[in-house]
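Consider the two complexes below, in which chain A is the common component and chain B and chain C are the respective partners.
== the complex of A and B ==
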């Protein structure tokens, strides 16, 4: 049984303040439970370090199925804060972690309690909660949130094994991304903001066809079989998390092309929960009304099939939400800046910041459609949320410059 | 053969300037042709008076079928300029003319060359050009436009006879309303702005049912028969004029109530031609884009079936147009001011002027729907057009205050 111990290392000479919750938990022991559940875990007890930070991290959860653009999303998010996200220096080359000046993104696959062999033996998928260690996930996210460093396991996607843990210092913004960030109520309650990337079955299928059939030579039958095999656990354990998300990015087939099943032109919805602290939903033209907008006309000439935006209030799992939808794709920069100029509550710091971010990463997947646009917007909203929380903690009224 | 003569009566002591076109036409003779076409006309040669006006009238044409809200429209128009419109003082009590400080509205039925008996004898309807004297119409509209008074015939709707003419002085704004303001090319060319009120067959039928069956006790069969009888001439002579209109108000059944045929809730389109001098189409949110807007939501709570606006570019008889559509009706003032605040290019002089005008005449038909709203807007656009023309003539750049 592996035990990880936590030590308070805050020096008296440190400029940092300690906090009450930290004092109550100067030493935290927790169990990885890797043995109990039959998985293997390399490395045993390790010493945790407490980071010297005035601010405790803001914790963000991002849920999505494997291979659904989470890493692109994370690169867009870290880009909003400036600086590139890179794996921890000198560590395991198969680490799933990305670190930038402000953000640290960890992959929740690292909390697999069963490795590939273990899952095969028990007949459970990685989607199954029984293949994941939620106690450890909770304890480590909680520690980070309290400003303490953690010794996080690594699930090696190449070998399918659990590698020795890596040390993670509490950053300004801590993102947990993966299959189950909102599955466990305790972890969920630690999140300052949560996002669910909801890729519709049709689009998922079209993407898999594109990647696995065209690029990897898999058969259509095997792709269908792999999707079908995954579906029951996905529906049981992953999909229900979206009801808890503060923002959902829903990716659907276009409605601009009749009977389209290519999955190249996308209709993307940004579903934003109302009443979330430090989060003001983006709106189009008139807050709270229902609007459709085809910006292609006299001022913009969009190529087929054009672009269509929709905006309006709705309910989502019983919550009041605002929904912004983009169907179609951008051909050129002027379309993007034109669209940006008509959206409000974007939390940009200057006019055109969304467009600038999108252009900066024009090579990222989805840069010409709603996935890239909405990921960028969510990145700006998270920056805004972070700044509001910091300002709040400093006891000062928020005066973040917003456009 | 009745001959009307025109005399220059401008006094040397008059403060008015005369104009070149007037000098070239100091005496105009024209023929009413009433005898030739078999109609009767009371009164013979009369002396025309030339009005003392620096500005020649701006001439507006309004086309519509009989009983389709033209008079309400005219009352809304004159109200925009202030002051009430009244029949000429001390004249024929059956005069069709309405005069206010700035506007004079004449009914083109006054140019019927055949009276009711004459039409019956010849077997033509009032819609038939053969029952109307376009030469006289042209000459008199032209005279008015040149700043000369006219001696206009009166068609008595009560007796069905042609009464003795009435003297009409050139006003600031001269409106010719009736069945054929854009039928004759010469008359059409005299118009500074033209409007066509286009009531769909379904709505016309519903209105007639309401009025003639419910209020006058006609049978459904007789109403259907009267509509059918009118239709061929209407389609041949009235309807084609809409292709020439600068603005068309189209009244259609609602699409908010499935299979509605009551004609109480209306969908009204304001079709505005692009590139018309001194006329900038109204737009919603974003000029030139295609937009739908349901203002009922978090800020406004509209009762069933709600309100839906649409806006966008389109083509109409080969012309580029902007179309603003309102489906549904207002319940309360706050809905109206909210809508007004989101429309641009309204040519109002202060915030809320549209709402103020609508409230002032809340008892007029259509005050809670798109007919009243768009009539009011057209009234403001005509005021704007008039002011631009006056400013242009004065050689000064237009600086009309616009909201």
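== the complex of A and C ==
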């Protein structure tokens, strides 16, 4: 593991005003962490908070397979929080981290314990827990959640090697995205909110054709072979995480066109767990009822194959959930506005915010269908969750004083 | 599948050109992102940097080899997993090129205070 080079790294991005004693605290922290005594240095952590305006971060987990839209989701999410997310300035150009004013997104591939050669020698995929260091993942996510900076390794996706670590400061919102954010129970328990992108086999195939067919060496056969070879590990280690997610975005082929297998028109489900703190599911017309809605009719004309919504209560892995489904795609702006005005509990700050966000990123994949709509809605929900947690914390001391 | 495949055929021209010993091809794509009359190129975006592209096609050959004996082996899965990883890396590299295709935008990201980067609201 690349931990030996901890002291050699320099700061890539610092949202706080740093001073000498602050930096020293960090070094003390890391020295102790590698001895597994990090939790005992409370004094250091408190000094850190005083010298830094950032409070303890809210931690979000996003799980999905490779090539299933995590990057697009992250761009939508950080856009809702305000400000564009950029790679750390002046750091490793192959860093997987994205930083904006409020949010830092890290890629969990950085916690690979086996590099590309190591996985090949042992015959394990990156999906296999044996290729990942969950102890380090837990320690570092926990440290960030406690408001402490971390020296996170960098997995280089081009070379397949582990590069020297980068310093990550605690942001307001810390997002961990990758294959295993909900795999390890200890990491899972640190998450304030979790999302799973569940892409059906048909759609995954269609998306990977779009992504890879232009590449030299790739063919329909190679794309299919790659999906099939990874599937046993995917089913064993990645897919089961969806039972823990607070929100699942399920992407399926359309039912509006009989026997459609093009993967162009999509049916997308937003599965929202009930009873999650600071998260109130979106609903259509009447909360808790079962509703099917075809907005295209006398007031709104849609082009083929139209749009169909459904909403209702359901159970998902034994949990009570609300499910909102959209089949079809938006062809015109007024369709999107019409739909937005009929959804409730969107956590928007002004009328039309969902439409505005979707238009702002019309060039992102899925901006005309349920994937873009539901990703935007989840972004708004996470912003709302963050604001509620911050308000709660601000209110907590007064509450305590009363008692 | 018809429409997807049409798309595919459009864009195959790009990587093929980039890899046939034109190592400067991607640079040209960055410098002249909005070359007129290349609707097909513009539609499919910039091509993959040749180093990643080479690695990927090599990994596909190796995966086919690794699976020749036993398609259910760990080696076979690991080999195709490497293909997936490199395919994703290639796609991200293309996105990065697309995002960084405007030299003025790039300059202004680093130097927002300069005269040429000023924006005016009314």
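Just so it is clear, the second predicted complex is superposed on the first by the 338 of 403 C-alpha atoms of A that agree within 3 Å, B and C clash if a C-alpha of one lies under 4 Å from a C-alpha of the other, contacts with A are read in each partner's own complex, and residues count from 1 in each chain.
Please note the rule applied: a residue touches a chain if its C-beta (ideal position, glycine included) is under 8 Å from a C-beta of that chain, and two chains touch if they have at least 3 such contacts.
Only a predicted model underlies this, so the values are computations on that prediction, with no experimental measurement involved.
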| message | Applying the document's definition of touch, where does A:342 land relative to chain B and chain C: first, second, both, or neither? | response | first
| query | Touch check for A:286: first (chain B), second (chain C), both, or neither? | reply | first
| field | Which superposed partner A:230 touches (first chain B, second chain C, both, neither) | value | second
| task | Tell me which partner A:353 touches in the superposition: chain B (first), chain C (second), both or neither. | result | neither
| In the superposed arrangement, does A:312 touch chain B (first), chain C (second), both or neither? | first
| request: Between chain B and chain C, point out the one touching more chain A residues. | output: C
| request: Scan A:211 for contacts with chain B and chain C and give back first, second, both or neither. | output: second
| On chain A, positions contacted by chain B and by chain C | none
| note | Listed in rising order, chain C residues that touch chain A in their complex are 1-5, 7-8, 11-12, 14-16, 19, 44, 48, 51-53, 55-58, 60-61, 63-64, 67, 71, 73-93, 95, 109
| field | In the complex with chain A, residue positions of chain B that touch it | value | 285-299, 312-313, 342
| said: Looking at the complex, which residues from chain A come into contact with chain C? | reply: 66-67, 71, 86, 116, 119-120, 122-127, 157-158, 160, 206, 208-218, 222, 225-226, 229-230, 232-233, 261-264
